[in-house]
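Shown below is the structure under consideration.
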Amino acid sequence: MTVSTSAAPPPSLEVSGLAYAYPDGHQALFGVDLTVRRGERVALLGPNGAGKTTLVLHLNGILTAGAGSVRVAGLPVARDHLAEIRRNVGIVFQDPDDQLFMPTVREDVAFGPAAAGVRGAELEASVQRALDRVGMAAYADRPPHHLSFGQRRRVAVATVLAMEPEILVLDEPSSNLDPASRRELAEILRSLGVTVLMVTHDLPYAMELCERALVLSDGVIAADGPTAELLADPELMRAHRLELPYGFHPAPPVR
Amino acid sequence: MGSGHAHRLYRHADSPVHALPPHCKLAAVLAFVVVVVSTPREAVWAFAGYALLLAAVARAARVPGRFLLRRLVIEVPFVAFALLMPFVSQGERVQVLGLSLSVSGLWGAWNVLAKGTLGVAASVLLAASTELRALLLGLQRLKLPPLLVQIAAFMIRYGDVVTDELRRMRIARESRGFEARGVRHWGVLAKSAGALFIRSYERGERVHLAMVSRGYAGTMPVIDVATATRAQWAYALALPCAALLICLLGWFL
Amino acid sequence: MHVPDGFIDAPASAVAGVVAAGAVAVSLKGARKELDERTAPLAGLVAAFVFAVQMLNFPVAAGTSGHLLGGALAAILVGPYTGVLCISVVLLMQGVLFADGGLTALGVNITTMGVVTVLVASFAFRGLLAVLPRRRGSVTVAAFVAALLSVPAAAAFFTLVYAVGGTTDVPAGTVLTAMVGVHVLIGIGEAVITTATVGAVIAVRPDLVHGARGLTAPLKLRVGGELVDAAPATPAPAPRSPRKVWIAGLVTSLLLAGFVSFYASASPDGLEKVAADQGIDRKVEEHAAKDSPLADYGVQDIANARLSGGLAGVIGVAATIVVGTGVFWTVRRRRTEAAGRTEATGRTEATGRTEATGRTEAAARTESSARTESSARTESAARTDETG
């Protein structure tokens, strides 16, 4: 990891010493440190129960850090500017049915910007732009439950893109997708050019999309490095219950 | 997926009735039904007039008669009830085919049947010519409390999702050889209902998270507003006005 | 029970409409206080649940089946305010979309099926919980009674509306007898299903049962805390004086019973039309029972239809109370003896649990965090000050 010393813009995401325990006493995070620079695509890998989703919910202030801090584009996640934070951190949840709660695709995509006060032609334009970016503009007036699962996930990405976030956070983006939808989504994500943090245990997908990966295990970042290097390290993989699919061999890191 | 029965209520067509703003249609149907309910039951011809009015609307909306009649089936339990009335009611009696029937009971049955049928037909026409989403906008426009409209919107959005979960649970039960046959199996079905509640509630919580993540702070942003021109209002209100005329004639003739 | 247009006259419908609007307005305010900004999604999903669960058919005997009405269930699971809202929205949508229940009768339908059921159920439920020992078994008992009372109460209320604004002159006494008699039986079905459903929810997520919130904390300690339940968003609504509530409930039900018997026996129509009327009674009950989940009982009941109108209703109520009490005692004893679970329920509970916990880690975490969000936010407000 290189630390930029120039007066570059602050990193998209900066988490330091983050710890969190649920009110029932169960502690999920034990001091997470990570930085995602602007424009990077980073995969957050980890076994079930590692605290991945708990971490994600800290990024836009739905959960509040017990200790440590989260900064988005230099702005600390705290109560006073939650609205701005939530505009800047676009979370795509795992189940698109949870995310698409409005009666039509268009209204759903418009929800975020409209909640931020955008109206009229400007709103229309940002909805159009977001739907275009995921290739779903033709479906604007359809109710979400008439779409296929892959289409719904793409619309879910659009709902978040419409808010022009600083960082896009995807929770298991490839789950339940057929190979074609998976590839389409990957193409879309690659074309976006925004900072992406992708939480997944789909290792080939992480390798395909993200140059860098983090391993979250037992509530701390256990590894941080180029995705191919991490995946090629059998010791590390075994230690954190990460397994490559049968027949998949990560190419040796090209450096 | 998504083939919930809510979907089949709407018949897409390119008709003047479809094109009317939803709140005009809602207001018109409501006014029409109120007029029908206030009509004296003795004015039999008035109800024939109402039926003709609805038939005209159905024609304008390109809703086939067969569709309308099929949807009237919802009324059947009350038809059965109405048919009992002549036997149950008090007062003067007449002999019809050897049965002793109450005169006021016959009138009562006629009253419920005629008004009920007209009411159902009017609602069916409304639902057939107005999209779900538009109906919600119409309700909102008619000053229904926004929170209530939101709840209704969420109910419609997730009705299919929840019903689908229920269906999957049934398939899962049946795949394991369970078939509910009697009271003994209520426990299992109730467990399904309980699980369904938990899933629904938890989904509600997740939906809330998704909303909060996109800047929700208690009020839904108003994105679409249904608007109506004066002409559209006039066109929509032609139905209840004609009905009112018939009703007044019914009272005074 | 969806009343169509033309069954109740216009003035009475209008009054019912105003009452319904008032009740909904109060509920909107109350629900917002309870659920704050979560009201819309949560109430909407619960409404979707009520809508769906009405499609779940409970077979009674060969060929017949019934379904849950859901008023009592909603009252117990999500509380009276949200309960009224959910049922009202379901009725509104059924009226507007499916033409199920007339538009002018919407007020009548909402007051009867939405407001009266929910109010009676939550009143009975809270009243009973206040006097019963703080145990899970008490929730079962209270849920049973609440659901049992709610259905005939709605029927009685409907008769009242009918007496005021009915467009037919079927004597109110006859209607009352038929309605309450039949709905007592429906109520038993409703009570059994409601109790089992509440039991299934309590087994997995006790914190979701609004009416049992006060019970979750001590329960968790005893179980060993394997259930992830957050501090409830609102403190359990402690009844001001449990005994007072209970006495009030008792008086109300006595009054209701008195009203039933008085009205029924005092209506001369019911008694004078001896032979003819009894034949008629039979028909009315037969018809109404066909819709009920307990058609068999209805037929049996009619077999000894020598009882005049009023008595039948009263005896029906009394019999229900006896049967109901019997059931509570059995249930309670079994609960206490088995110290938790019997084999049979244990197995099904386990499946229910699997369904609920078999979700992915991510979803589960999201959910539990959703539950804790509000409390977490307030709790950690201070911490944020230090850190932020």
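A, B and C label the chains in the order they appear, each numbered from 1.
Quick note on the criterion: a contact is a pair of C-beta atoms (placed from the backbone, for glycine too) under 8 Å apart; a residue touches a chain by one contact, two chains touch by 3 or more.
Since the model is a prediction, treat every value here as computed from it, not as a measurement.
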Shortest contact path, chain B to chain C, counted in steps:
1
For this structure, which two chains have more C-beta pairs in contact than any other pair?
B-C
What's the distance between the Cα centroids of chain B and chain C, rounded to whole Å?
24
How many angstrom lie between the centres of chain A and chain C, each centre taken as the mean Cα position?
43
Set of chain B residues in contact with two or more other chains:
132, 153-154, 156-158, 161, 203, 206-207, 209, 211-212, 216-217
In chain A, what residues contact two or more other chains?
57, 62, 93, 95, 101
Touching two or more other chains - residues of chain C:
41, 363, 366, 369, 373
Enumerate the contact residues on chain B facing chain A in the complex.
1-2, 4, 132-133, 136, 153-154, 156-158, 160-161, 203, 206-207, 209-217, 221-224
Taking the complex as given, what residues does chain A use to touch chain B?
57, 60, 62, 83, 86-87, 89-91, 93, 95, 97-99, 101-104, 107, 110-112, 114-116, 123, 143-146, 159-160, 163
Interfacial residue positions of chain B with respect to chain C in the complex
6, 9, 26, 29-30, 33-34, 36-38, 41, 71, 74-75, 77-78, 80-81, 84-85, 87-91, 100, 104-105, 108-109, 111-112, 114-116, 118-124, 126-127, 132, 135, 139, 145, 147-148, 150-159, 161-163, 165-166, 169, 180-183, 185-209, 211-212, 216-218, 220
Which residues, counting only chain C, touch chain B once they are in their complex?
4-7, 9-10, 13, 24-25, 28, 31-32, 36-49, 51-53, 55-61, 68, 73, 77, 85-86, 88-90, 92-93, 95-100, 102-104, 167-171, 174, 192-193, 195-201, 203-205, 208, 269, 273, 276, 280, 283-284, 287, 291, 344-345, 348-349, 351-352, 355-356, 363, 366-367, 369-371, 373
